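Same chain, two partners: chain A is paired with chain B first, then with chain C.
Take a look at the complex of A and B:
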């Protein structure tokens, strides 16, 4: 294990687990308590990952953990919350909207009655239920993943979302994850989303903060279960302000004939965003789509690690991640496609394209194919490029100003991803955000 | 309208234009002919403001203003239009969105309000008809996967939409079949007026039967070596360009 002495948070967490936290857990079901204990032992052994751990080679998370984080928030409700919620607004989007503050469901900020076929409960209550115990922790490898172990050991709250069999939810569920605190905060939400047989749902998750000076580290873990023939469109928009550092682990398990589509948009200004997206195809005839767009500015560190785990035959996966990097931003893409021995007739496609718009920006792109079955169709590709000077000149020669021309070309670059968004209001929103973040009057590199 | 005096320009330290003089007045059509590599596209690129072309001597006035001092988009907003010899394909930018943005930025520069969606569509329809531009292409990505002829027609559609004062057509006729040639030249003829002017770069006298020029110039080795009326084009078609090599030996290119 790496030396954790320089990270007071490590010891603080371990002490916390044995102290107050242990008392609170007394009432939890045995299975959960055992899982927590086991995960904690893993974390105690592994500590936080340094860059010597292969999966963290390009992302040094240690400096982000050295703040003096409190494990309890002093939340600034009221105005700060309203401000954060405002920031998450998607114009003209007709949705069911719920709001969480530091991982806790805010009853007051939740509008409109949900249909009976969908149920949303705070994790604090739901963890006693059979549904939770039935699905919790399945597929999430707490031996390998440091932060997943820590979350499992010490998560406090979050949501359990369940859609009944055969139910199609008419409007997207917009979940606003607001984070706000007066003190530096380390917070660990945990969510479980279950779509029962033949259910259909679209979720839009927005991660936002108010512009407080406090540093907030979010170690969140979401488990998603897409049962037979169910269909989930899962959108995540990361638009938090400076001060937020987040590790988002998403563990998806797909059953037969199900379709799961993930769309991850990592945008300014959060200092660190590390997304671990794991999709386990547990059954035959599934379809998965992973679309991602990371647009980094300033000194952002945006890291997307995806893991497509083909375990059974006749499954299809399609992955397109696009990166745009400005200023001194650093992007990391690591896409692993794993095709196990039994996963014959797999179709797996992966593509990662990057636009470096500043000479001081960096991208580390690493596609990884590991194939153990012999009758499969797999492909992957990775590119790094600059804005085309020819295209810029063509647009400018028609009267289009340099700034708009650049924004048009960046939007065009992102098009392969944005066109896949199935909610028009959301697509327009993302396109506006892209345009908004491409800076004016700046000399960008062209080729 | 356009006044070019003693224009010298380099590309990558290579002298390409070696003293061009050209006067174009409103209402006129000028044709520029000349062998491959003589500098015709370089001249149009320099006028449109392409990067990497360095003007080393001379000046260009456009409507009394210093053209060379303007950014490419400002030249366009002032009324200069270049139909590219090789139009660029831009995947992900829709043709229609591109046209709307261009038109509205030009209008804004001229102090006009942006066109309402309805007016814009009406205008687009009208101009589309003028150049017989396939409606299906208008929503596609800009020039992506267009045939050669479709790209050229798209250039003329843009020209028709943006209504420039001075249009430079760089080999818009090359590679067009006879129908496309007729369509493109009809378009240009309908757009011709007292107030605008055209510079048509071409290798073929054929086009000049459709668009009759007031003047024909021969560009050779970075200079206009001969000017005349439309009869000159016929003569060039018959004689070719070999005689130029004897009359005007090539000067040193390296700087």
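Take a look at the complex of A and C:
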């Protein structure tokens, strides 16, 4: 493709696949090798998405791909890792903690005492297993999604998390995704989370980096399978430093009577965060909750694309995304609710509210409904606005300083999302982060 | 529910109802050979005795048309269009000008009578001047004298080019450029006729200006061009209504409407569109690909679009407002009803560029049968548009389990003083509501009509009196024997 010529990375990836990579992956099962080949062909055809692609209309990734990225790194645990882990610590949170560096499980930094009913193993070792072959790549559309195709073609490692049937894990699983490199790096972790029948789990994922000068582009893909009557609470906390550009694709498949709740918090300072969250309701009586909060500062580009795919009857989905934008940050929200012909009695609700706190911030909101069944209740709402002058005045007239008043109002704005967090320690942590990022004494309100 | 069977029948009845206004009028026509080329354009231009600059502009449009491909972003499958199979010029042969209605071809008058808009009656009906476009040429213009006294120009486009070339030249193509999109470019190249309105400074047009368009003659597309200019401090309300005879062949309709409101001016543009929607298989029917755009050039100006869309096999249009002037206001009210295999992809664009600009969008979609109804809209707030305000509401009503309703709003804000609200809902008519009305002795059919009328009322209320009556009649005909 002509437009890919200016991106050396495109050719580098293709060359990489044909060269060393092919030799390394020779031992893989046929099914996987075929899937990789197919995905690569798709990527070869489509290349990286430009803004002419509707899903990327407001998010130009091309400038972020022009760097000279290495495709492999020399793992350098030690100080950087310790630093990153510290940054990801959530005060008082009692959890099972595991740490990944550049997408690879770090045995040294991982708590040993996991219960028997949960198993966590590196993707690189799990490729031959039945669980992997059963669930891998199901529902992820590599024809439509450029980065998902690239990840499928060329991922090397990640996590496979499996919870046995009827098991309820007592403490949340805290996964720390640390990224660190001395040189510019392009990494593609791949994770698979499977909750078997009637299992229950809470996952808290933290994405962190150490503040080195190198640019790291993460193209990660997580597949989640929630089997019958299982329940997953899935929290993602993106607090990486400048230099990180991440594309996180999450593909969820839900079976009958299952509940999936996703909470995504995108915070400063990563330069680019694009979250593709796809939830497929494959069976009847499922329930899904998607909550998101994006707080952008500096020149961040925060993009949340959600896709709620109602395929069967009697399902319910509920989505609330809130955005706060400071400085020159750009926010994008694209929420699509799709109701198939068979999905009668669907209840789907979606809401997106945005606060623009700076005269130079931008928000592009695009809620979408596509409905092919008649006996449904679907709605969406989207607003863009700023803090109410009256509310500010009210608080100030009661002796609360301007900065505190503003922080209070922003916290209140975010409350619709933060109050849904079921882990009190995490809720407190996120509230602290929000308050911390609302700048004191700026001229932003006066524009 | 006991009446499930009934309501299914009613749904079927409704979904397969034959088009009531399908008939063909036999009048001799003067037709250009099918196909579009520079020669055809020169032929049209020569036929209409146009000045050189207009021909140049047409040719510019033609070249832009050649460079563009058909768009692919729409939410339906666009059937291939054979632009060379269309005849680009058709005019009733009877070309002499009429002084009174008695001189008009009686068959033509009968056509209007069947549509329920007899010119005779219109003439009596106080306050409505009718510029009837029969295919491409205006045949009767009434109340012209009365308007002339006020300095208002209301005439066919061709006449305006001859008599007011300066005005036309100054404003034509300034809102919809010749290369705006492929259909606008086609229109620029081949437009046959249309309406021209100019309201002078400070004049409030005392009556509703109205044009009834009607497509006739097999294989001719209609390419009207409407240009309305409201000078400082003026006001005009313009009505446009359409019906078309039954056809097997698809007819392409690619009109362009440009509105320009200067300081303190207000334009209200209302449309009732009821062209032939095709049979129940979706065969035949009009393609309605219209580019409508208004520019609030001056401070405190206002442009308001109201549309009731019940016809056409494909309706694809986005009446838009460019809010350039400070304190300008844009409004869009729409009811779109689709049945059988009809498709409507409609909505609006509001570009907030000036300060303190306001816009309001109310869109109501009703889909039945196998139809698909989409709302697609853009609210754009530019960096300099301080205190911009927008409210958008788009509701969809689904009747039957095989239709689709879709919403694609785009909201872009680059200014932190903007307040933008958008909400959308999709649902069916509540069984409890129907039950409530049944229980009070209102049968299901009337109940549904009542509910849908209530649902659309917010929009219908925006129509001028004369039109509202017709629109309500149209809706109730559409709703007859239906659940929608």
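One rule holds for everything that comes next: the second predicted complex is superposed on the first by the 440 of 447 C-alpha atoms of A that agree within 3 Å, B and C clash if a C-alpha of one lies under 4 Å from a C-alpha of the other, contacts with A are read in each partner's own complex, and residues count from 1 in each chain.
In this section, a contact is a pair of C-beta atoms (placed from the backbone, for glycine too) under 8 Å apart; a residue touches a chain by one contact, two chains touch by 3 or more.
What you see is a predicted model; the values in this text were computed from it and never measured.
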{"item": "First (chain B), second (chain C), both or neither touched by A:371", "value": "second"}
{"item": "Broader residue contact with chain A after superposition on the shared chain, chain B or chain C", "value": "C"}
{"item": "Contacts of A:408 with chain B and chain C, given as first, second, both or neither", "value": "first"}
{"item": "Contacts of A:357 with chain B and chain C, given as first, second, both or neither", "value": "second"}
{"item": "First (chain B), second (chain C), both or neither touched by A:301", "value": "neither"}
{"item": "On chain A, the residue positions that both chain B and chain C contact, one per complex", "value": "none"}
{"item": "Residue ranges of chain C touching chain A (in the complex, touch as defined)", "value": "73, 381, 383, 396, 398-428"}
{"item": "Contact footprint of chain A on chain B as seen in their complex", "value": "48-51, 71-73, 75-77, 81-82, 84, 87-88, 90-93, 97-98, 101-103, 105-106, 109, 141, 158, 162"}
{"item": "Chain C-touching residues of chain A, taken from the complex the two chains share", "value": "54, 58, 341, 344, 354, 356-359, 361-386, 444, 447"}
{"item": "Residue ranges of chain A touching chain B (in the complex, touch as defined)", "value": "388-391, 393-402, 404-405, 408-409, 411-416"}
